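Following this line, the structures themselves.
Each of the next two complexes has chain A plus one other chain: chain B in the first, chain C in the second.
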Partner chain A sequence: MECNALVVNTPAHRPDTRRSKSYGRSCVEPPSLFWQTPGHLTTLGHRIPTSRRAAKSHNITTKVDPEQVALLIKNEWKLSHVTPLYRFRHTQLKLYSKHLAAFIIAEKQQGVAVEVGVEAGFKVTFSAVLGIAETKEDAETVFIQVHSKPLFSADTPKAVWRGWLTCVNGDPEYLRSLPPDFVSLPLFCSSGPEYLTALVKSWFERTFDCSFGSLYLNSTMLNWLAALWTGCHPTSNIRYLKLAWNMPSQPPLDIAYTVNPQDAWELWNSIHTEDSTDDRINIEEVQLFMNGLEIHFFRHFKIYLSAGTLTKVSTALGSAHHDGKIKIGSSDYITTLLTLLTECALMKTPV
Partner chain B sequence: MDEQARAILQRVIRKIPNKKLQTALRAWDHLSSEQLESLDYAQPKWLFLENLISRCEENRLSLKDVTKLEMAYYIDNPSKGTWHAYQLFQAEGDAVSVNFTQFREQLKAHLKDVVRHVSVRTKKLEDGAVWIRIAWGDNFSKPNHLKPTYVVHYLQTSYVFVLNLMSKHKPFLYQALLLSTRHVSIKEAQLSSRSLTAMRDLLMRQYQQVFPTNQERTLKERNAPPSHPSIEKEHAECAERRHQMACEAFGDGVLPKLETAVYKLETKYRGNSNNTLNDKDELFRGVVMFSSSNLLESFRHCVSAGMAEGPVTPLLSSITQKGRNSFVITDKVPGAASQTPAHKA
Partner chain C sequence: MALLTPYSKIPELNTATVLLVENEEQFQSRLADAIVQQEKDINVNVRLARKLPLPVENSETRPRIDLVVFIVNLLSERSLQAAESSLSHLGPDYFLGKLCFLVTDARCGAVPQERLLSVRRLAASHHCPVIYAEHQTEDGITMTAMRVLTILKVSAGLSPVATTALYLSTFTRCTFPSDFDED
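On to the complex of A and B.
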């Protein structure tokens, strides 16, 4: 079915009524992931990469303020994908801080939020984390903190919620194809009470006409991470490669296989020999690596790991859970991890 | 009541849910029924505790009385903390005739011999379990009642279950147990779990064991091409065989509620046959941990559902056959402390 790519123009004088949710396409039917349409966006989401660059160690602290990097490494983040933001301006961050704070307070007073605290109010800070974006198409990362203002001004405000929006090595064709008023920061990471996450998302949705969705990490993504991280062992000790499966027995069985890092690397190296000219890794190599581990396991326990689900991969460099939760262990490989996750987010974003 | 007594009372009361407080205190039998009636069980715990302490002080209750309450709590809740199993070997001739009184007196005497300040309390339950509470001191200080060791032993069996034993006290407990049970040696049984009942059931085989049947189930027969045209019947046969193998390895009916099993793998790599790693002599080291709310049931289900291949590998069936849940797997020929992995097909 043909469809015209139509740029939605929102005249400046129109009041803030409900705008159409499209950002570059006007469609007769609601967009569907299974519906192929010609145009710029075909390339997005319908090409699953079969090879990637190997993980490169970056001393990211040369590009990014180390204090800001430290904030990213501390917590476990819950992932969501978000559609492009309409008229988001990096120059308006102070204004957004005030608006979001007011929104949270108002919603709390209305009784929308479930938790009752002794906070006198909230303070929100939006800040730009410069240096995480890699290409010139990537928008700069935005970090948001919600502090609760205590009853007594003597106490320091406590950070109760943190989140950030980022785009690292996003598909350049797609990013260039976006209409000028749209900013794409497709990966949203949040940490803190669920009611605040919901409020922040709600505010974003109202203010920038975007929509959020939970981002889950399927086993392919987890397999990539396992291989990529293992490949980093020579330069950055991964300390362990831990894989967790869940078997659908009754009652369910959890299997955690922690492989010695040097041995894991030997296995990876026997499959993907280090070639300085081409640092690309193929999906077949990743599959051989995971298969190797599964077969070694099978030879001992005679259990088919493929009958279960790979739920978590972790090394000292970070961990990823298929529910869409990640932890960044080391700032060195943050770019690789975020590139993968940005890609994942872009793929899941409704077209 | 001194500081320690108060601290222990506080800890125990905190752990007991409000609904069970009254029954626990009544069973303790150290407060009169009027005193029990006078307490308000719906109060917040810290307030309830204050009132309870004043009643206890009215009766001039001591540390000894409070430890009795703590012991009763652990007996009623044998799934708190991590229990470790030990096995006694080489019973002397008179081991079978050791009765409870003998055991208790000998144990106390031997412990007091080696540790100057030690406090021992024992209790024998109806099912034959002997519970022992040991508060350890040393040559200079009084027993520390805040970190007691609990020991459970079924007389005339060779198993001992221990909770909260510090390594520095191990030799003392070992010696006392060996002398009082009339055995020569004691070893860790490589079995630990939060559930004392599960460990006991597993070791003392108190679950329905299934023994291999007379039915021929030779390799040849299993690999023979199906001769019967009806697929349903074949499928039922396969399912029945899998179920049989599952039960032989793990038991039938209700199984002991074991929760974890740990395997330390120190074997050579056995992955894809094309891989160069297969030729190497180095070990492919790793640790595998299985966990479930009922591990044996999960395994049994995996086998009968086909998620695990039968016949069940000795690595898994050793859990029930040998009564342990901690293993080190090496490539050596089976000895006392190691297991061989399944042969390469």
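On to the complex of A and C.
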């Protein structure tokens, strides 16, 4: 089987489990009026995973510097997926910081009269957050902060924008099939003003020849998160399970459905009994769990929740919104969450 | 429980009837208008329903239904569930070329891929074609209407060339797709 660049060719001897469908099918369609055609399982030969390992509590502070972990937990992140970066070197982070700072300043000054104001300068720091990557194929996480340097005062620079690129438990076959100069960090999280996000993305696109796209979380992904987080209840109290639905009625109805964590845990436990030997969770169990919650709601309110869309899932461990915004509540289960998101990003990347 | 059967009534001359079943009732009426406007040569009756079984009161006056189209909107899970539960009310003769599935919003990025796969699996297990429709533009609706009309003419026996089962087998795969597992 030969792999050229980023195309996986149909191997001469076809193994039974994998077939690579026509590469051209889903990527080269003209942009449609509607959302971007997801270039997903067909191009990478991925199958949508039907079972996953249960969330394991990881005391990640043993591997990662607790200050850096604290930075990840604080904010609400907007997700994007990124194609592999060409010639990104973890050793040249200082150089990248200087370039990005210069780029941002130059872009800001374009067409604007030079003003002696508060935000006269920007300082950018790139740092590698070691320890988040799980397997040896995963590249190390890179954390980027943009601080604004006030010109005259003696204040310390304050961070106006943060972002990070990460890859956790990415598909090993895909990562191995990349040509040597490419680094894959498919998940990009950003928090801060929109213009800075756009500037950082365009700098990355110019420097590393990659492309960004927004990552939306569909209802299957949110269902997995709800089930995985509920399963964590015995070890780390989730305090509530909140689901937000949007019903397409006239006028549109927003439903916020809060479930007591103990009840949610009992429902989950009755579906997926705790079995220490096999900790895989199937998609059917997740669907049964969500069905149980929907039927309960129907019994009381006579509303079919499945006729609407699930927009947000939140627990004390974190929250995820269908538009691609997440908030990480606690550092315990961060690895599982990032694994899920990396997988989602890899599936949505158009190559 | 009475099943809907196609051959229990006498067909009328130069007439074809199609039944559009949709749980949300959004797309049906526009598609119905487009179908009726498209066809000039034969009489086309379009009946709309939310689900099967059809109300018993009308069964005497209802004409013979030549084609049943299940419209599934991929944005809601409920749409698919309703279509599945209505399937059990159809007589077996409908599965020989008088039934097809129409799916809208298949290209929407927010739709989980599993839903489309389930629709395809459902259709393949009953040997029925799946048509993908774009319901937000005029052109899309017209195109869908044309496709439904083409199938309708064959199902109603108004096309001199094609017989139903032979024609529709060009739309469907005859083998149960074990390659669905690879899809």
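Everything that follows uses one rule, which is that the second predicted complex is superposed on the first by the 298 of 351 C-alpha atoms of A that agree within 3 Å, B and C clash if a C-alpha of one lies under 4 Å from a C-alpha of the other, contacts with A are read in each partner's own complex, and residues count from 1 in each chain.
Convention: a residue touches a chain if its C-beta (ideal position, glycine included) is under 8 Å from a C-beta of that chain, and two chains touch if they have at least 3 such contacts.
Bear in mind that the values here come from a model prediction, so they are computed numbers and not experimental data.
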Please work out whether A:297 is in contact with chain B alone, chain C alone, both, or neither, and reply first, second, both or neither.
first
Which touches a greater number of chain A residues, chain B or chain C?
B
Based on the superposed arrangement, let me know which partner A:307 touches: chain B (first), chain C (second), both, or neither?
both
Pick one for A:218: touches chain B only (first), chain C only (second), both, or neither.
second
Just to be sure I read the superposition right, which of the two partners does A:322 touch: chain B = first, chain C = second, or both, or neither?
second
Where on chain A do chain B and chain C both make contact?
248, 304, 307-308
Chain A residues touching chain B - in the complex, by the definition given at the top
247-260, 263, 266-267, 270-271, 288, 291-293, 295-304, 307-308
Hey, which residues of chain C end up touching chain A in the complex?
23-24, 75-79, 81, 105, 107-114, 136-137, 179, 182-183
Using the touch definition up top, name the residues of chain A that touch chain C in the complex.
17-19, 21, 32-38, 40-41, 47-48, 216, 218-221, 248, 283, 304, 306-309, 322
Going by the contact rule set out above, which residues of chain B touch chain A in the complex?
263, 265, 267, 269-272, 275-277, 280, 282-295, 297-299, 301-302, 305-310, 312-313, 315-316, 329, 341-342, 344
